[in-house]
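Read from first to last, the chains carry the letters A, B and C; within each, the first residue is number 1.
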Amino acid sequence: MRPADPSEAADPGAPNVRRRVRINTGGPAPGTPVAPNGAPTETSRGLPAAARRSSALTFGREAIFDVRDLDVYYGSSQAIGGVTMQIHRNLVTAIIGPSGCGKTTFLRSLNRMNDSVPGFRIDGTILYHGHDIYGGEVDAVEVRRRIGMVFQRPNPFPKSIYDNVAWAPRNLKMRDGLDERVERALRAAALWDEVKDRLHQSALGLSGGQQQRLCIARAIAIEPDVLLLDEPASALDPIATTLIEELMQTLKNRYTIVIVTHNMQQAARVAERTAFFSLDVSNGRRTGVLVEYDDTEVMFTQPADRRTSDYVTGRFG
Amino acid sequence: MTDAFGPLPAVTEPAGSAAQPMLDEQDNLGPVTPGLPDFSGSLTPSGNLRRRQLISGFAGGVQTVAAVLAVAVLAIVVYSVVARGASVLSWHFLTQDPPLIAGEAGGGIAPEIVGTVVIVALATAIAMPLGILIALYLTEFAGRWPASAFKLALDLLNGLPSIVIGLFVFGLLVVGQHQSGFAASVAIAIIMLPLIARATQEVLLLVPASLREAADALGVARWRTVRGVVLPTARGGILTATVLAVARGAGETAPLILLSSLFGNTVSVNPFGNEGLANIPYYIFTSSESAEANGFARAWGAASVLLAFILVASVVARIANSRSTLSR
Amino acid sequence: MSGSTRFAGVLPGNARSRVRRADRIGDAVLHGVCLAAALLAAVALVAIAYKVIDGASESISRFGLGFLSHPTWKPNPPFEIFGAGSLIFGTAVTSFIALLLAVPLAVSIALYLSMSASPRVRSVIGPLVETLAAIPSVILGFWGILVFGPFLQKHLEPFLHSVLGFLPLFGPVPTTGTGLFNASLILTIMVVPIVASISRDLFLSVPRELQEGAVALGATRWEVLRGVVLPTSASGVAAAACLGLGRALGEAIAVTQVIGAGNAIHASLFQTGDTLASRIADQFAGATTKLQIASLFYLGVILLVIGLLANVTAQWIGRRFDVSTVTVR
């Protein structure tokens, strides 16, 4: 991975360019209408200008996810409200924000992992390739086959390394070339060299960082369409974290990646697009809302919303 | 796909398909497998998912059938017993002696009821204090190694066949002498002991350590803490454990065959007499081995009484367990 | 001295030392008494083994180890030949069939209770399954001979004979409803709740993250159970099965009521037979000679050994594979 020189006028559509952005204390972009509290006013479309802003990066890219007015409830309490955004193909989209503002809830709603949570209910729509994920004849298992997930704490099965990776392909009857498939997945997760001599030992003997890479290998062994990563490096040491961040640059060429992270520098390092969630505490309820969503560089240098700039400059959160 | 910014310019990559540009040598992902689902297609089952879902549904059905089967067996057994016993049940039945001639109709099982009560009460009187003391030893005094050794002993005692326990007490108390209700009580106490000890130990462990620590910090002696704090807090759980053990002990038959099978026809409350005490389980047992209908009828009645007692005791104990703050 | 506790520092001098002495004595007494109770339980275990072996001594010295394989049991003088062969056979057959049927059933029930059922359904069905264990064996046996037996004899056994009669296992149906088959089914009813309730607790304790990891890989519910839940709990279920086996081996009453006290070894399950425990229950009260009683004690020794083996195996599996306490409740 060659780190990009920020002075290069990089083509936003080209793959394999990592942006090193500097976070400055600049306020909203000049020319954006601002209300007294710093939040941008709404355009004639009825949605905040920041959410609607299309960039050169997304121009012409297919929107894998089209989220419209999403509200998520657990029982009677509303976890997130009014989220509208699109997630585009082959980009790494980061979701940042203070803890408790619904980032993980949002992520898990994208592949129906919240179905088993008691009291879970959604309003609004999540379209995946134009199909409503929560529609009538949708099979949630099929959804999860196409939209994979890696969790915050590594959770390998108490099986061998090989069996961990091969388990889901075996379910899907991908029996031919299973060995090659396992090797490819482990290579893609940058784990092959470390485990190739002990494929049949227990996965629980690996270090935390290795286990997490194993979980990534496991997820991509069945070649999904999208990879959802829920704070994948938060339980890992810095070296392992760097490995995983580098992984994402390779993986995004094949998969669309959405990553939740509480570490905004990480978002700045890995993501092309960043969405900032925060808590709205009006009406006595705490609801997560999407404050701003734009190219990462813009989010960190010239955010439109005052709340965004407060967060990325560390004034709160 | 248009938006407010005008028509799309031509794009180099096809939208929405699974085909991807081949990657440079740094990339290890390799070629895309043919036969992947059309990701932009509808979200109905693709590939072999339909079949897998059928299998999963079938497995779930098997599980449900198994659970229904278990409940059905319970219902059938209880219903069979109660339906056949109901015709015989009456106040007379509970208070009269059995008929002098075995084949006669009528009569009751008063001696059996009284005998069972006496035997089980005596067994509880033996097992409960011992069980509590053992539990106290395990939680308050024992080091790690002795504790696990004694726990193993209790588990082994728990797993012994009750007929073997009957043989033991026979050899201990009856050989060379005679049967007695007391011998039966000893055997049943041995059966009840591990149940009470283990369950009491679990309850004692639930007493918050902070209570004990506070007492220790005040310089209070261990025995005073146990008497004044630990035992009263655990009282509900101990009672529940005892009730469940009683429900178990009341139904034990094997020891009774060996230790209390010869007895008179009238009510007796003396467990230390020269013969055994009449009891319900043995009564049912002998009736099932004999062949006459009137004996059957009384036996069904006796079974109803025993079953009712055990079921009520189990249900009450379970409700008490889930209500109490110390329940698991 | 009243039993009330006082701050030791508040009392005058000699009262304080009196309290402290009473404390020390009280603690020592409590410790001693509790230890004595625990030792009593341990001693009882040893005493049971000793007494049973002692009671069997006459038969052991007469027949030795050949007792275990000799198939004849003839108590009437002048024969007085005792051998446990057919009884060990009956014990093995009934226990094996009971486990064969009970473990899959119990695991299915436990999966249902822990994975599929809503909490409300679980709180009703779960206790009901455990109540099955509370039915006294004498009542189950009574039901077995008067209600279940006729059903088997009239319906189930003829059906099995007609469908599977080519196997010697399912031979012609005798006129009584008693036999190895009836006994095996009754034992199944007894073993299921034991294995089910332990398994249910095991399944509930499989970590959530593990299951979610499997779900996120696009696995169906059954695949999650088969791939993650069952393998993780396998050793615990094995330990539970050992406990169930111990129960089946030691059951005397219900078995003796429904098994028909047969003496020979047959191939067909529908024939009568007997087991170690049920022979003791059946013949002890009517035993006439000392040798017979000693032989019945000898049966008890065998029962003691295999019962302890089953139990120890359960404990060993539990400890070896770090399963939290596996005990019958």
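Throughout what follows, a residue touches a chain if its C-beta (ideal position, glycine included) is under 8 Å from a C-beta of that chain, and two chains touch if they have at least 3 such contacts.
Please read all numbers here as calculations on a predicted model, not as lab measurements.
J.: Taking each chain's centre as the mean of its Cα atoms, which chain lies farthest from subunit A?
T.: Chain centre farthest from subunit A's centre: C.
J.: From the Cα centroids, identify the chain that ends up most central relative to all protein Cα atoms.
T.: Going by the distance between chain centres and the overall C-alpha centre, it is B.
J.: What whole-number Å value describes the gap between the mean CA coordinates of subunit A and subunit B?
T.: 49
J.: Please compute the C-alpha centroid of subunit A, do the same for subunit C, then give the distance between them in whole Å.
T.: 53
J.: Rounded to the nearest whole Å, what is the centre-to-centre distance of subunit B and subunit C, using the mean of the C-alpha atoms as each centre?
T.: Computed from C-alpha means, the inter-chain centre distance equals 12 Å.
J.: Spell out, as numbers or ranges, the residues of subunit A touching 2 or more other chains.
T.: Expected reply: 141-142, 145-146, 171-172.
J.: Counting only residues that touch at least two other chains, what does the list for subunit B look like?
T.: In subunit B, 49, 52-53 touch at least two other chains.
J.: Indicate the residues of subunit C shared as contacts by at least two other chains.
T.: Touching at least two other chains: 220, 223.
J.: What part of subunit A is in contact with subunit C in the complex they form?
T.: Within the complex, subunit A contacts subunit C at residues 111, 113, 116, 141-142, 144-146, 148-151, 153, 155-159, 167-168, 171-172, 215, 218-219, 222, 224.
J.: If you look only at subunit B, which of its residues touch subunit A in the complex?
T.: Touch list, subunit B to subunit A: 1, 3-5, 8-9, 11, 15-16, 20, 23, 26-30, 32-33, 36-37, 39-49, 52-53.
J.: With touch defined as at the start, can you tell me which subunit A residues reach subunit B in the complex?
T.: 45, 54, 59-63, 89, 128-131, 133, 135, 137-139, 141-143, 145-146, 171-174, 181, 184, 187-188, 192, 220, 223, 225, 250-251, 253-254
J.: Can you list the subunit C residues touching subunit B in their complex?
T.: Listed in rising order, the residues are 3, 5, 7-9, 22-24, 26-27, 29-31, 33-38, 40-42, 44-45, 47-48, 51-52, 54-55, 105, 108-109, 111-113, 115-117, 125, 127-129, 131-132, 134-143, 145-147, 189, 192-193, 196, 220-223, 225, 243, 246, 249-253, 257, 277, 280-281, 284-285, 296-297, 300, 303-304, 307-308, 310-312, 314-315, 327-329.
J.: Under the touch definition given earlier, write down the residues of subunit B that touch subunit C in their complex.
T.: Residues of subunit B touching subunit C: 49, 52-53, 55-56, 59-60, 62-67, 69-71, 73-74, 77-78, 80-81, 130, 133-134, 136-138, 140-142, 149-150, 152-165, 167-168, 170-172, 175, 190, 193-194, 197-199, 218-224, 226-228, 244, 247-248, 250-254, 257-258, 261, 281, 284-285, 287-289, 296, 299-300, 303, 306-307, 310-311, 314-315, 318.
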